[in-house]
Amino acid sequence: MTRTTTAAMPALQVAHWFNTPRPLTLEALRGHVVVLHAFQMLCPGCVSHGLPQAQRLHQMFAPEQVAVLGLHTVFEHHAVMGSQQALQAFIHEYRLTFPISIDQPDGHDGVPLTMQALRLRGTPSLVVLDQQGQVRLHHFGAIDDLRLGALIGQLVGEARPPVTEQEAAAGCDDQGCALPSAVASA
Amino acid sequence: MTRTTTAAMPALQVAHWFNTPRPLTLEALRGHVVVLHAFQMLCPGCVSHGLPQAQRLHQMFAPEQVAVLGLHTVFEHHAVMGSQQALQAFIHEYRLTFPISIDQPDGHDGVPLTMQALRLRGTPSLVVLDQQGQVRLHHFGAIDDLRLGALIGQLVGEARPPVTEQEAAAGCDDQGCALPSAVASA
Amino acid sequence: MTRTTTAAMPALQVAHWFNTPRPLTLEALRGHVVVLHAFQMLCPGCVSHGLPQAQRLHQMFAPEQVAVLGLHTVFEHHAVMGSQQALQAFIHEYRLTFPISIDQPDGHDGVPLTMQALRLRGTPSLVVLDQQGQVRLHHFGAIDDLRLGALIGQLVGEARPPVTEQEAAAGCDDQGCALPSAVASA
Amino acid sequence: MTRTTTAAMPALQVAHWFNTPRPLTLEALRGHVVVLHAFQMLCPGCVSHGLPQAQRLHQMFAPEQVAVLGLHTVFEHHAVMGSQQALQAFIHEYRLTFPISIDQPDGHDGVPLTMQALRLRGTPSLVVLDQQGQVRLHHFGAIDDLRLGALIGQLVGEARPPVTEQEAAAGCDDQGCALPSAVASA
C-alpha cells in the first residue's frame, strides 16, 4: 500500500496565515489527521496537481477529522513570490479556501525554516500526520488520489489516542508550539 | 465523508469466472475488504472510468487486504454481450487482471440474478464490503478516487474480526456459499 | 507540420452502413474533405481517443465541407465483433452519429478487404482525403487534435477542383465505385 | 466551423519582450499567420489551458508559417504581476519558449494599452491574424484544439499576398509600427 513512515514532526515556523481567523499549531490539531501541502505559486506541479488535490481534500473530509494546511515554502524567486501580497492575490485567483501559511524566511533568500526542519526536497511535497502528530507520509512530487485517499482513510479510522500528561503540558503560542518532550526526543 | 451504509450482502450467483484458477465466494473472502465492480462491456462510463479504477485498486492494494472483483451484469444487448467469448475478448483487449465473473442470467434476457439480489440500479455500480462481509458502500455511477480510497483505507484499518463458529460452519461450493445464519438474518 | 502524403485511394468495400439512409461512396464525396476513421469496438485506443475525436469532427465541420466516416475493420475476435448486431449496439451505447460502415470480411476471419487495400497497420487509423480524393494523411495510432485540425483546415481551404470528364464517367453502385482510370492507374 | 471575423489590427504597444533577440512588430510578421495569446500569470484558465496550447502551437508549426506571440495584459493585481522580474520567473518555471511581451501599462494601474486597443474582454484571449494582418479570430475564454487547429490550417493554406507598395513603405520602430494606410482605413 502507500509507503508510510513514523517519525516526529517539528513545529511549523510561519510568517503569516491566510484563510484562518488565528494562527494554527500542530499541537492544537492533535487528534486530527493533518495533511500539510508545501508549495510555491510558480511551481507548475503544485498549481496543476498538488493544490487542486489539497482543495478537494479540504472539501471532502469533515474538519473535525482532517485538517488540510498549505505551506508556501519560497526557496527561489524570493523577490517575486516572497511577499504576502503576492500570495494573497494567488490564493484569491485560485479560489483556495483551506488555511495557508507562509514558511518563515531564513533571512538570506535561502530555504525557509519549516522546509529546512522538515527536510523537504522541493515542491510539491506532502507531509501527513496521524492523530498523535506522528509523520506517516513524507512525499516529494505528485501522489495519486487513490493512494492518498487510502492513507488518510486509514489514519482517520485509527482510534484517537488519549491525551497524555506530556501533551497536556505542551506550551503553544501564536507563533508555534514547544514540542512535548516525548515527541521531541523521538 | 463517503456515504456509507451497513447491510448484509447476498451471495454472488455466477455463471463463469475469469482471471482466477477457481471460483471465488464472498464467504471465503471474509477478513478482506471486498470491492465489487458491476459493469457491462458496452457501458461507456464503465470502460472510461469504472474498470480502470478497479484495475488501479487491484494493483495498489495487497491481495491479503483488498479483493477487487468484477461482475459482468448484462441487462441489455444480451445477444451481443451475453457470451463468455465476448467477455473473454474484452478482458484480453483491456488488459484486466483482477477476477471477473459473469452474473447468472435470469433465463429470459432480463436482469441477471446477482444484480437483482443486490438491487443495483445500473452500471457502473460499486459495492464495498468490510472485513466482516457487511455492505459499507452501495454506489451507482462514477465515484472519485479520493473518496473511494478513503473508504477502503478506513476499512483496511479496521480490526479484523475473529472467525465465529457460524462462519467456520458456513458451507460453500463452486457455485457460491450458504450464508451463515447471523448474516442471513441481519 | 503534419506529416502528409499524396496517393490514390482505393474504393471502400463495405458489408453494411449505419447512420446513413443509403450507402456512401468516396466518388460521391469528391469535393469534400473526407476523414476515414478505422476502428474496432474492442480496441481501447479507438474507444478512448479515436472515436470521440471523430465524433467531435463530425459535429464541428459543416457537412458540405468535411465528411467523417467510420470503418469497422474487424481483424481479430471476429466471432465477438463481427456481427452487424454487435456494432449496432456499440454505436447506440456510444452515441455515435456519423456514418459508420463494416469493412467487407475476407471470408476467412482474416484482415477485411478495405483494410487490406488501404494497407492499414491496425486500429485506430486515420486516412484523410483532400477534395480531389487524394490521400493526404495515412496515420496509425493516436493523433492530437491540434495537428489533425490544422490539416483539415488546410484541406478545406484549398480551392475545389473542377469535375473532370473521367470523374463524371465513373460508375458507382450501392456496394461501391469503379475508380476512374486516372486514379486507378496513379 | 470556427467563428471568424475580418477586421484591422492595431499595432502592439509593448513595454518589454522576452524570448526574442529584438522587439517584434506585426508589420514585420506580415506573410505569417499570427496567433496572439493574451494572458495573466495569475489567471487559472491561462495557466491550465491557454499557455500550454500556445506552447504546443509554437512547437508544431514552422516559424516561417505561424508566429505565436504572448501578451501579458496585467489589468489586476498590478503590484504582484506587473514587474518584468515576476514575468521572467514565470516564463522560466513554465518553460515557455515563444516570444512574450508585456502590454504597455496605462500608467494608472488600469487596463494596459494594447488590451484597450484590441478591446479584449479579459484573459485568456486569442487574436488570430491572417497573412495579410487582418483579424480572423477574436476569442475570449478557452477554445479547443480542433477548432483552433482548423482555423490556423486554413489560414496557412491561403495564398500569400504579394507585398504592396504601401506595406513596403510602412515605418516601424522598436515600440511598434505605423500601419500602412490601406490597413488603417479598412
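As written, the chains take the letters A, B, C and D, and residue 1 is the first residue of each chain.
In this text, a contact is a pair of C-beta atoms (placed from the backbone, for glycine too) under 8 Å apart; a residue touches a chain by one contact, two chains touch by 3 or more.
These numbers were taken from a predicted model, which means no experiment stands behind them.
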Counting one step per pair of touching chains, how few steps separate chain A from chain C? 2
If you tally the C-beta contacts for A-D and for C-D, which one comes out higher? C-D
Nearest whole angstrom, what separates the Cα centre of chain B from the Cα centre of chain D? 54
So the centre of each chain is just the mean of its C-alpha atoms; given that, what is the distance between chain C and chain D in Å? 37
Taking each chain's centre as the mean of its CA atoms, chain A sits from chain D at a distance in Å of 40
Enumerate the residues of chain D that touch no fewer than two other chains. none
Chain D residues touching chain C - in the complex, by the definition given at the top: 1, 53, 56-57, 60-62, 65, 144-158
Applying the document's contact rule, which stretches of chain A touch chain D when the two form their complex? 42-44, 47-48, 77, 79-81, 83, 85-86, 89-90, 93-94
